[in-house]
Every structure is written in C-alpha cells, then in structure tokens.
Amino acid sequence: MALQAIDARRLSQMLVFVAGEIARREAELNALDAAAGDGDHGITMRIGFEAIRERLGQLDPATPVDAILRESGNAFLGGTGGAIGVVMGKMLMAGGKALQGVQEIRAPEFLLLLNSWETSVSATGKVKPGDRTILDAIHGAASALTASDATKKDLDVVVDLSAAAAQEAARSTADMLCRVGRASRLGTRVLGHPDPGATSFAIMLRAMHDWITSPTALDTQL
Amino acid sequence: MKKLINDPRKVAAEALEGLALAYPQYLRLVPNAQAVVRKDAPVAGKVGVLSGGGSGHEPMFAGFVGAGMADGSVAGNIFASPPPQPIVTAAKAIHGGAGVLFLYGNYSGDVLNFDMAAEMLEEEGIRTSTVRITDDVASAPPERHEERRGIAGDFFVIKVAGACAAREGSLAEVTAAAEEANRHTRSMGVALSSCIIPASGTPIFDLAEGDMEVGMGLHGEPGVERARLKSANEVAEELVRRILEDMPELANGDAAILVNGLGATPLAELFIVFRAAHAMLVRHGVTIRHSYVGNYATSLEMAGCSISLLRLNERLKPWLAAPAQTPALVQI
Amino acid sequence: MKKLINDPRKVAAEALEGLALAYPQYLRLVPNAQAVVRKDAPVAGKVGVLSGGGSGHEPMFAGFVGAGMADGSVAGNIFASPPPQPIVTAAKAIHGGAGVLFLYGNYSGDVLNFDMAAEMLEEEGIRTSTVRITDDVASAPPERHEERRGIAGDFFVIKVAGACAAREGSLAEVTAAAEEANRHTRSMGVALSSCIIPASGTPIFDLAEGDMEVGMGLHGEPGVERARLKSANEVAEELVRRILEDMPELANGDAAILVNGLGATPLAELFIVFRAAHAMLVRHGVTIRHSYVGNYATSLEMAGCSISLLRLNERLKPWLAAPAQTPALVQI
Amino acid sequence: MALQAIDARRLSQMLVFVAGEIARREAELNALDAAAGDGDHGITMRIGFEAIRERLGQLDPATPVDAILRESGNAFLGGTGGAIGVVMGKMLMAGGKALQGVQEIRAPEFLLLLNSWETSVSATGKVKPGDRTILDAIHGAASALTASDATKKDLDVVVDLSAAAAQEAARSTADMLCRVGRASRLGTRVLGHPDPGATSFAIMLRAMHDWITSPTALDTQL
C-alpha cells in the first residue's frame, strides 16, 4: 500500500532509494550528456547522491525533515562539483527551508517542495523554463500539480502526476536549443537529445513514486 | 579503456598528489582541499591568483602554480568544477592580505561554484574578484563573446595576471591585467578522436575515420563543424583564419602563440602545425614574440590541437615576458 | 590513421623546421642536414655535444638542444638513424675546436651511421668520442648490459654531459661524465598501445584490450613480457622493482627520477605513476633530488610510460642541478 | 629471351626495376619488421632505392658499371639512414670496387659481386651467418653459386639459383635467434618470422632474375 505521509525516517530511506536509481542509470545519463556536453552527468549525479547517502548515515536518527533536506543539499553541494553540484545542492537546501518545522510530507508539502525547488534553481542557475536545463523538468512537474489542484489528492497520486509531467518536460527539452552551459554554441546540433539534468530530475521523481508505492520492500537499503 | 590508474574515482586526487610530490620546489598540497598552492604561499601583501576547474586538462591548471603565475589552483574531479569549500580553503591559503583573483574558464559549473566561494569569502572579509576566460572562438559568435568558453588561452591569462601580481599590482590592477589578456586572446581547436573519462570508461563521442571536429571543446563538447580531416597545413590555416576573422586587429601586430596538444597528438605533429601557423601569421604581418608548443591544456587522451593567439600591446609585453617558475613553465 | 601531417615522408623534416621556428631563442636549423644546433654554435673552446637518432621521439633529441645540454642534434626519419653526412655537417657546425662528443641510444643503425660519421670527421681532423646510451633494463641481461638500448634515460646522460661541457670540461672529461651518467642510469617501460608510423599507416603491434607489454622499446620492439594491465600502483612498483634489482646500490642513496610518457598517455596518469614510484623509492631509502614528469622521449602516439632512475653521486649532482635552456627543459 | 650480359645501361635499368619491386613489397617488409623490430624496414628500403633511382637519373649516360654501383651505394647510404642504409650502401659500393673496370656483368662477375657483398656486409655490420640479418641471405646466395661452379653457367641460371638460395636462407632466419640489432633481447619471441633485411635481399635477387629474363618490357621505367 502506498504511503500517504513521509516522515523523517522515511525521507532518509527514500533518498537512499533515489540514490540507487540514479546510480543504476549512470551510464545512460553519461551518454545523454555526451551528446552535447562532456559526458559526465551520470558520474556527477552518482557522486552527489553518494555524498547524500554518506551524510544521511551520519545523522542523528532524530533529525527532522527540514534538516534532512538541508543536510542532503549541503552534502551534494560539498561533495560534487560541476554545475549540477551547486544547482541540486542549493535546490535541496531551499526545500529544507521551505519545509521548516514540517513533520511529514503529504501532498501540500510536496507541492511546497517542488515550488521551492523551481524558485531556487531558477535563481541559482539564472535560467528560465525553455533554456534546456533541469529547470524545465522541475517547472513541468510543479506546473502540473498547480494546475490539477494537487493539495486535495493523495501523495502517491500527486507524485505520480509530477513524475509523469517531469518526464514529459524532460523529453520536450530534446527540441530546445541550449542557451546556457557547455552546449550553448551548438545551435541545432543539440536537437534530438533530451537535457541530461532534466532527465535526472524525472528519474528522481519517478524513483520517489516507486518507493512511495512499495516502501517496505526497500526498508533494508539504508 | 586502458589507463594507468588505480581507481577511476581517485584520478584527480592522486594525480594532484603526484604533481605535488614531484615538484616540491614550486608548490605544495593544501590539506582537505584537492588544491595546490605555491610553496611559499601566502606571500604577504601580494594579490593571490587562484585558478582552477575540472581535472583532466593537465598540466592546466595546477601545473601553472608557482612564482610568476598562479599562487594556487583548485582541482575538481574529471571535467567537473570543484565545489565551493575547497575553493574557499585554497583562497585562504594564498591570501596575503591584498585580495584574491579567481581565474577560470567560463563554464556554468565553474561560474556557480567560484561565485558561491566568493560569497563565502566575502562573509569572512576576504576580497575577491573574478575574470572568466573566454578565448574559444568556436563557442559563441562575436556579439556574444562574453558567453564563450575558456580553453588553452587560459595559459596566457594566468601568465599575465601572475606577472602583474608578482610586480605588486593591486587587486584592481591584476584583475584589469587579466581582463586585458583575456580580451586579447583567441583560441580555436580541432579534435581527431575522443578521450575516455575514467569513471565512465567509454569514449564521449565518435569521430569516423578521416573526420575531424572543428571547434570541439576541451571536454568533447561538439564544435562548429564536422569535416574531413585535412592536411596539417590546411588545418592550421583554418584555425588561424578563424582567429584572424574574429580579431582582425591581430594582423600587422605583435603576438604570442600557443600550439597546444589535446593529449594524444605527437609533439612532432604540433611542430608541423606550428610551422604552418607561423607561415600564415607572417603572411598577415604578425610578429611572433613568444612561441609555446606542447601539451598545455589537454583533454585526457583526446587527439587534436588548438591554436591560441594573444595580441600583444605594450602593457601585455612585459607581463608575458616576465619570469615564471612552475612545473609546466619555467621562463627566465 | 589520423594525423596532423602534410606528407608522411616529410614529418621529420617539417617537425624540425617547426621546432626551430618556435624556439629561435635556443636553436637554429643547420642547412642541408635535418639538424639543429644551439643558436650561438659553435662556442669557441667548448666541447660540442651532439645527440641524435631517429625522429618520432619528440622532444627527444632536438628539444634538448640549447645552453647547458646538447649543442646540436641530428634527426633521422621516423625511427631511422640519420645517415653519416648530416651527422658530419652538424658536428662541424658545433665544433668549437675542443672536439665533439656523440651521444645516442645504442641501436644498430645509430652505431653504424655515427661511427661512419666519426671516421669521416677524423679524416678532416675533427676529434670525436662516443657514448652509446644503454639504460633500458629490459633490452639485455645485466651481463650483457653494453648491448642494451637507450630509451628515456638519454635525457639524464645528455643533461650531465651538457653541464660538464658547459663548465669547460675537456673532451675526455665530458666523455667520462656521460659514461658515468650512463652507468648510473636505468629505465624500464611499459606500453599500452601501439603508435603508427606515418609512412606505413598501420599500428606496428597489437595489444589486446586489457594487456600491456612490459619492457617494450621506444619503437615498439617487443619487451620482456606481455601481461594483463594492472593498476598504476602495481605497474609503477613493477618497473621500479626491476630497476632496483638491476641496480641494487640505488637503495638508500640519492637519485633523480624521470616518469616519461610515451606520447598518448595523459599527464594525470604519469603523475599517478610518479606518486606510486615515489612511495616505493622512499620505502627503499632513496632520496629523490630531482623529479621530471612528462613526455620526454616518446614513441609517436604510443600509450604507456617509462621510469628512469639516475643514481646520483657527488660528481653527478652538480651536473644534474646545473641550469639548462632548451625548448623542452628550462632549469634555473 | 634472357640477357646474358648486363652492361652499364642495363644495370641502371635493372636497378630501377628492383626499386619498383621493393616499393611494391613495402607493406610486407614493414610487417615483417614490426614482428620484432620497429616496423620501418619497407619504408627505409623504399627510400633507399628511391635515392638510387634519383641518382641514376642524374648520371652521365656513359657512366661505367663500377661507377653505377658506387654511385648507387653512395646514394643509398646518403639518403636512407637506419642500419640498412649503411649496410646496403657500403655493400653496393664494395660491389663497385670489386667490379672495377668491368664492362659487363656475366656469371663470373655476378659471383664476384655476391662475394664482395658478403665480405662487405659482414665487416660493416660485424655479423656472421646465423646472426639473423641480411647477411644470411647474401651468404646463402653466394654459397649456392660457389658450390655449383657457377662461373660456367648462363647469367640467368646463376641469378635464378642465387635468388632461390637467398629466399631459402631468408626463410630459415625465422628459426634463428637474434643477436644484433633492435630485436636482440627478444630471445625466442622472435622465432617464426623471417628477418626483414634477409627477405629484402631475396626480393632484390628475384627481381634481378625477373628483369634479366624479360628485360625489354621494362625498358620504359627509367
């Protein structure tokens, strides 16, 4: 049965599950990045999530939701490097700030989280939707929830919806020209491949949904 | 993938350790920072010049740390900018009280991480300024030159900034010198084969036998054109031609040139390219004051080369000619 | 075959021209000889040090011409000794009246051509002497050490001879210095992939994915053993171990080390190898006085590296530490 | 019909034909050299014979046999480099000395030539038969003629005999350990591949025979 609330302990477990999914998709993300960038996005994401996993292992079991997010962001930022290190790191930390004092993540908190991520990434990376970055997937996910009056739905439904929207948005970056980052001179040569950062984000949301819908099977991973 | 490494994840760290062990007369490791600083850092009263970026471009950046060039350099993992904290740590290790200049290639990742480090240093009362190197002609059209990437031309900018700092320039002066060098530097490269990132183990692009990629970036970012591989003379002329188009004021002036190998191209070929570039520059009335030929900014074992040209004016000349003592450049 | 060349038959000549155009502050071309000499040659009263051999090993030999190292260098075609006549021409161009020392790797072709040149010079009244460099441990057992090949250890021998000549050593003294350096130098290499001779266009050997050839020569001559590629630490230790076995007196003494890239191996990997070699030497009580890491004696675009060790005694120390100004080594 | 005497003009033409044959076999000779040496023997031989061809083109048409050999040797020596440059260059020059004043090469002069070559190569290279060098092929050819009382035979028969013996001797170097040159440390790893220099020599003699037996067809090559 799907979880309807993610408390601090569950949040840690979920992040560890997401880390595993990212690691599993490493080669695919590298290949996407190779098409227009420097072929390392999978490596960098894996390293970043390893840093999260390690940090989570060191935390006091009583660490609350917001602190877990802040610590995860801090670990990602400190251990990764690259564009995505700062973008993801600050994004996760912004999520912690947005959920300050929250005990459990339900549908409304999940929407809060996504909105804080969108604001953070846009500000950190100085990007807007359509610039062919991770922001496109975040924006797609957040917009889908806002449009569907998400706060009244179950958590698993909401996460599913956002994951589907993120994936669709990531896919649509394949038709976007690149304005920032390594690939910005490529012009039309970049077309046809989705943005690696956007793809990562879609993978993360889908992994969260998978975990929420069968959490116990994965309890052992931490 | 055949590499002389121990652990794909430790390449950057172990290479930097090796560098520091090999050249203790010039530099030392910074504890907990994947960075090196000149052995006598911090030099009191001197502006600290801090370079850095992803690893995999050796000897750039750490190989140019020492008297007359950079005071320190922070190394990220392969092709990944270092995170903010080690940048902060290295900046502190070279801060002699006169501020720190950040010098790095203009990549999204480096910008984000160095900017964040600058904020953190500011909070601790350490003044920084930043010059992002944008020499790669292939990476944006002239009207958007400030978006261009930094490639081998980093070398000239670090050389000039290092010399200006060594002559007791203030932070503003060293920053202006670096900006001036960057404004006068153009590079254009060509790749013949891909490198392999150790942690992924696969080539990051394919180039058919007989093809080359004009304008490919230092990390295998696609360039402006994929074309049939031509003779060294034709390739050299094409690269110089594109630079001259971009910086027409180069003609009939003084210049420094770097013919840079990307990693796997034999030095003999770089000399053949140099020979052709030299002939073409002479035809355009350019007087070559300094020549550098070799592997300065590589892309692991990528095959190919780049040509960088620095247009020299009376201000830049003495800085470029100034002495330097680093692992990868000793100049008297 | 992807190469930045114009004509496979002109690689050696055009590369040498490029070198001379790039570094006029150190050397100049000799007309009609495929050779370079230091720009102020001949230096009156000084012994002339003449190195040479096949091309394809850049920067060896021509890159080490200049004050404090070789006075001149003759380049054959790729992997082929130069003929006698250009050797004679170059020897005359550096002859300052005190005789000329020939320094080259011990290969059949070089021996035959340099010996013949020596005879021709003798007829013209120019005194020569010869030291054949034999540092490659893999190429003959200790009891036949005089049959060994010369590889990257050439660098140490040229450095020492050049320094002794710069300090006004007589021909006998410079010869003795070179012999002493050669006697104290050992090298051992490993290849990971083949180079391609431009004029043939095909790899000269195959190495299966995951294999390396221990002791392979600078021209792809098979080595002592084909083995599975190991970690950088294991490879470095294996190379150092074989050198220590061959020169046990190295332990607990002073040494200079060169970790040399064969052409296509990234500098980062050479630093990782250096790091491991350094650790092993320290364990054996060796004090490293000078370290050199980079592409010194290459084999076109072969992948791999060699380690050369020079055991330093009180005579060799000042020569190795002496200044040098050449395209490939500037030492203060 | 086979020639029974090679005068100066014919000698030049024959050398040009041999040059062509060597060039045609370049890749094969490189491959043999790659097995134990540095893979350049075909290149070097081609360059050496090109130097001969060029020199021959510059010679006065009245140049006698011995001078043609001396000039060829000198051109090979001066234009080639490598071990084979000196060995072949001096060998050809020694042939010129041995045939001093000779107007035409017939069977007795051909034997003289081979013997002078053997002596020269042995002295220049400081090698003996069995050392796995070009000398093995020369020695094989010379010995076969001496054993068969060659001076009484027709030139084409003698050259055929020597070419066959050279080829046999070259083949047998595949079973020899290498004592000199680049491959001397290889020990048994060299076994199974004939020596490139010895193979070159066998090719040269076979080309001479081919030319002698149908000389006119090739007259145009010079």
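By written order: A, B, C and D. Residues from 1 in each chain.
Keep in mind that, in the parts below, a contact is a pair of C-beta atoms (placed from the backbone, for glycine too) under 8 Å apart; a residue touches a chain by one contact, two chains touch by 3 or more.
Remember, it's a predicted structure, so these values are computed and weren't measured experimentally.
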item: Neighbouring chains common to chain A and chain D, by label; value: none
item: Any chain in contact with chain A as well as chain B; value: none
item: Label of the chain whose CA centroid is most distant from the centroid of chain B; value: D
item: Where chain B and chain C are represented by their mean Cα positions, the distance between them in whole Å; value: 29
item: Chain B-chain D separation of Cα centroids, rounded to whole Å; value: 54
item: Separation of mean Cα positions, chain D and chain C [Å, integer]; value: 33
item: Topology of the chain contact graph, where touching chains are joined (line, ring, star, complete, other); value: line
item: Pairs of chains, among all present, that meet the touch criterion; value: A-B, B-C, C-D
item: Contacting residues of chain C [partner chain D, same complex]; value: 9, 54, 76-85, 107-109, 112-113, 116, 138-140, 147-149, 197, 199-200, 202, 204-205, 215, 217, 219-222, 224
item: Chain B-facing residues of chain C, complex; value: 2-6, 11-12, 14-19, 21-23, 55-56, 58-59, 63, 192-193, 195, 209-210, 212, 229, 231-233, 235, 259, 263-276, 278, 291-293, 295, 298, 300-301, 303-305, 325, 327, 330-332
item: In the complex, chain D residues that touch chain C; value: 26-27, 30-31, 34, 36-40, 42-44, 47, 77-87, 124-125, 180-186, 189-190
